[in-house]
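Note that the chains are named A, B and C in the order they appear, and that numbering of residues resets to 1 at the start of each chain.
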Amino acid sequence: MNLLKQMCKIHAPAGEEFAMSQFLLNYIIKNQNKWKAKPTLHYGDGFQDNIIMVFGKNPKTAVFSHMDSIGFTVKYKNEIIKIGGPNTSEGIVLVGEDSIGKIEGKLAKKDDKLFINFNREIDRGTSLTFKVNFRETDDFIQSCYMDNRLGVWNCLEIAKTLEEGIIVFSSWEEHGGGSVGYLGKFIYEQYGVNQALISDITWITKGVKHGDGCVISIRDSGIPRRSYVNKIIDIAKKSNIPFQLEVEDSGGSDGNQLQRSSYPWDWCFVGAPEDNVHSPNEKVHKKDIDSMVRLYKKLLEKL
Amino acid sequence: MNLLKQMCKIHAPAGEEFAMSQFLLNYIIKNQNKWKAKPTLHYGDGFQDNIIMVFGKNPKTAVFSHMDSIGFTVKYKNEIIKIGGPNTSEGIVLVGEDSIGKIEGKLAKKDDKLFINFNREIDRGTSLTFKVNFRETDDFIQSCYMDNRLGVWNCLEIAKTLEEGIIVFSSWEEHGGGSVGYLGKFIYEQYGVNQALISDITWITKGVKHGDGCVISIRDSGIPRRSYVNKIIDIAKKSNIPFQLEVEDSGGSDGNQLQRSSYPWDWCFVGAPEDNVHSPNEKVHKKDIDSMVRLYKKLLEKL
Amino acid sequence: MNLLKQMCKIHAPAGEEFAMSQFLLNYIIKNQNKWKAKPTLHYGDGFQDNIIMVFGKNPKTAVFSHMDSIGFTVKYKNEIIKIGGPNTSEGIVLVGEDSIGKIEGKLAKKDDKLFINFNREIDRGTSLTFKVNFRETDDFIQSCYMDNRLGVWNCLEIAKTLEEGIIVFSSWEEHGGGSVGYLGKFIYEQYGVNQALISDITWITKGVKHGDGCVISIRDSGIPRRSYVNKIIDIAKKSNIPFQLEVEDSGGSDGNQLQRSSYPWDWCFVGAPEDNVHSPNEKVHKKDIDSMVRLYKKLLEKL
């Protein structure tokens, strides 16, 4: 879990995925020789900060995992505005850096506006993220940005043994999307792949419990093609890996962006659930993480 | 109207268009030899559940008609959530099927949530649709899912005599869209066609009356290019077929998806109006159906 | 400023860009021989009403400027509905033309609906725009439709001396977008360009003042890639041209459409700020116009 902890600390709100991208490239280049198959990497010009890893000669499925996090942008006089949909409880500690130096201060509210308490005026446009407090117990891992550093970590885990498949690290998922359209285009045109799994983190709800296994989402605000979701559920059932079915009418993921793209993508959200969504205290059960990794391995083999 | 009645009964909410797609393929294959021109069919791999019929060597216009309907998804403990924007009056009878068997129950409300009353817990993710009560009088046809089985029926009517043109059966129109982007791409790239007519059902309003003819929509939430709409209005005027002009600021169609796609589509919504929108009692005047079919034939000839 | 005044008077709400497009084509064809470099023009079939001018053999950056304006559409019995987000104060004078003749009347409200007071029923679907009152003082220019005729004017100014670069006149920006997807596709595929500047008008706010220079927007409802925005800020800093940084969480531009397209566009909004947004009295400081033109010239040279 040290790798996950490291990644939770990286400052990479939507639009500033650069640091996560660099970290991942370094990690991949350093570790890929230990992996069962060495991937072809696509990144750099024409890919913005995104990374695509292609394993094998005949990949059938692409796993999409977003690198960006929620956060805040400093407006004028230390007022702050949201990047994505972060929890905005007073007292949350935010960190960042501007031209003068490091920033750490508490979120405060005044007249329906949000501010950061800090001893000087912060540069306009400075981005802030939650201060990381990474906690591990026998059963749980808790930190900000489990969404989606855990989804990214899942991809790095399955990369170790993946022989045929594609892994994508995408951008802007938390704030309007914008990378998955052209990443999907590239994958569909170059590799003929149009099956996607969304490696991302979902919510503990009345129907989804800690420890009952990785979630397969039948729908959220978007509705994927049911015949594809059913194929995934069938593989999961036969695998004897614990999993839970989710049905929601809100929330969304890179899947929605794929669906609205100019390519015929089938997609399904498959990921561990967390409590305290979009807060500094996102909490995931270790059993669900284990189930997530095992389920992805099975799905990439069978789909 | 027997064909329309049959199609109104097919369970195919957004995301589960498979059954409608199969019905249409069977119908087309069985009937196309009786048609004036035999179409080239595109479906299957790379088209999800959608179907494209191309008539003639030099088609100029494509008619888009969505196969999916509104409905509900079963969440946890028989709570239900919307697919698209269905009417949610208490007492509406819903039907579906899960792993245990057939389901039929009444819609109920409790604490701002929707439920189906049924004597056992229904499988998560089961989709429900309105129970069909198809009614025909001298003047009217009334049933759930006139939107858009009537739009589909219109396409099958015009297919009988169509010599040059494209007919598209699309998916997900009622819930966020997602197929028209790549269907439009295929048509534009393969056939050079960028004129669209949206064969769909609109609303009776203060300005649109039963029996006054098929509606040509100048705008809804989306605004099509006016020069294209004017061309359509001019053809309609010269045709002496009765029609009505609509101006709305809400509602939308596959036209909006075409407009936001990566291809320069002109589009216009042309369809009969209905009362009791998105309910089990959608009601359309037979004169408006007749006007719709005749207007489409004229438009496909003249555009 | 006579050219700007002329353009403010052209009736071209979203969906009816035709008149602006014709005006611009005439202007370009008449004036391009006086320009430092003669552009290649793309327009007509496959471009709807949009125009692309390509300067030089090796363009690196494309400037997007929308031709359309906000306005109203006449519904039934002189009720009117919005095109985009116009100011709806009672008494605003609206103008247009239908099959009977010219229209001029005042905006009125009744039961939460908007109407135009006029002495006869206006044709359904007639579009209305603000009546122009163009005012110039030593410091300010004030008129409706500075947004975005001033952005267009900026493009015509920089066209005079541009040697390498692309200028795009786009449609539907004020109402849902729809042209930038395929215009961006064409530019990316034909010229390999994926750097965009959005030549549009923004708002006077607590952080953005009249006369302090052209605005570089770090974000609005959309968040562009920060590394690209930083490159622009760096060029601006070195240029000694006055500029202001903006941080907002609402508003949007053709940039959002580019970001969600199937191509890896970097984009940044760069434009003068105005007071009395989307009203007949949009007011811009001449210093900010001067700064805008100079900044664009520098950016097109250095990016």
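For the reader, a short list of remarks on this structure follows.
Simple rule for what comes next: a contact is a pair of C-beta atoms (placed from the backbone, for glycine too) under 8 Å apart; a residue touches a chain by one contact, two chains touch by 3 or more.
Here the structure is a predicted model, which is why all the values come from computation and not from measurement.
If you sketch which chains touch which, every chain touches every other chain without exception.
Copies chain A and chain B of the same chain sequence form an interface built mainly from non-equivalent positions, shared numbers / all numbers used being under half. Inter-chain spacing, taken between the CA centroids of chain A and chain B, is 36 Å.
In chain C, the residues that touch at least two other chains are 261-262.
Residues of chain C that touch chain A in their complex: 194, 205-207, 218-219, 221-227, 229, 245-249, 256, 259-264, 266. Those residues of chain B lying in contact with chain A across their complex are 14-16, 18, 46-49, 73-77, 81-83, 124-125, 127, 171-172, 175-179, 181-182, 185, 257, 261-262.
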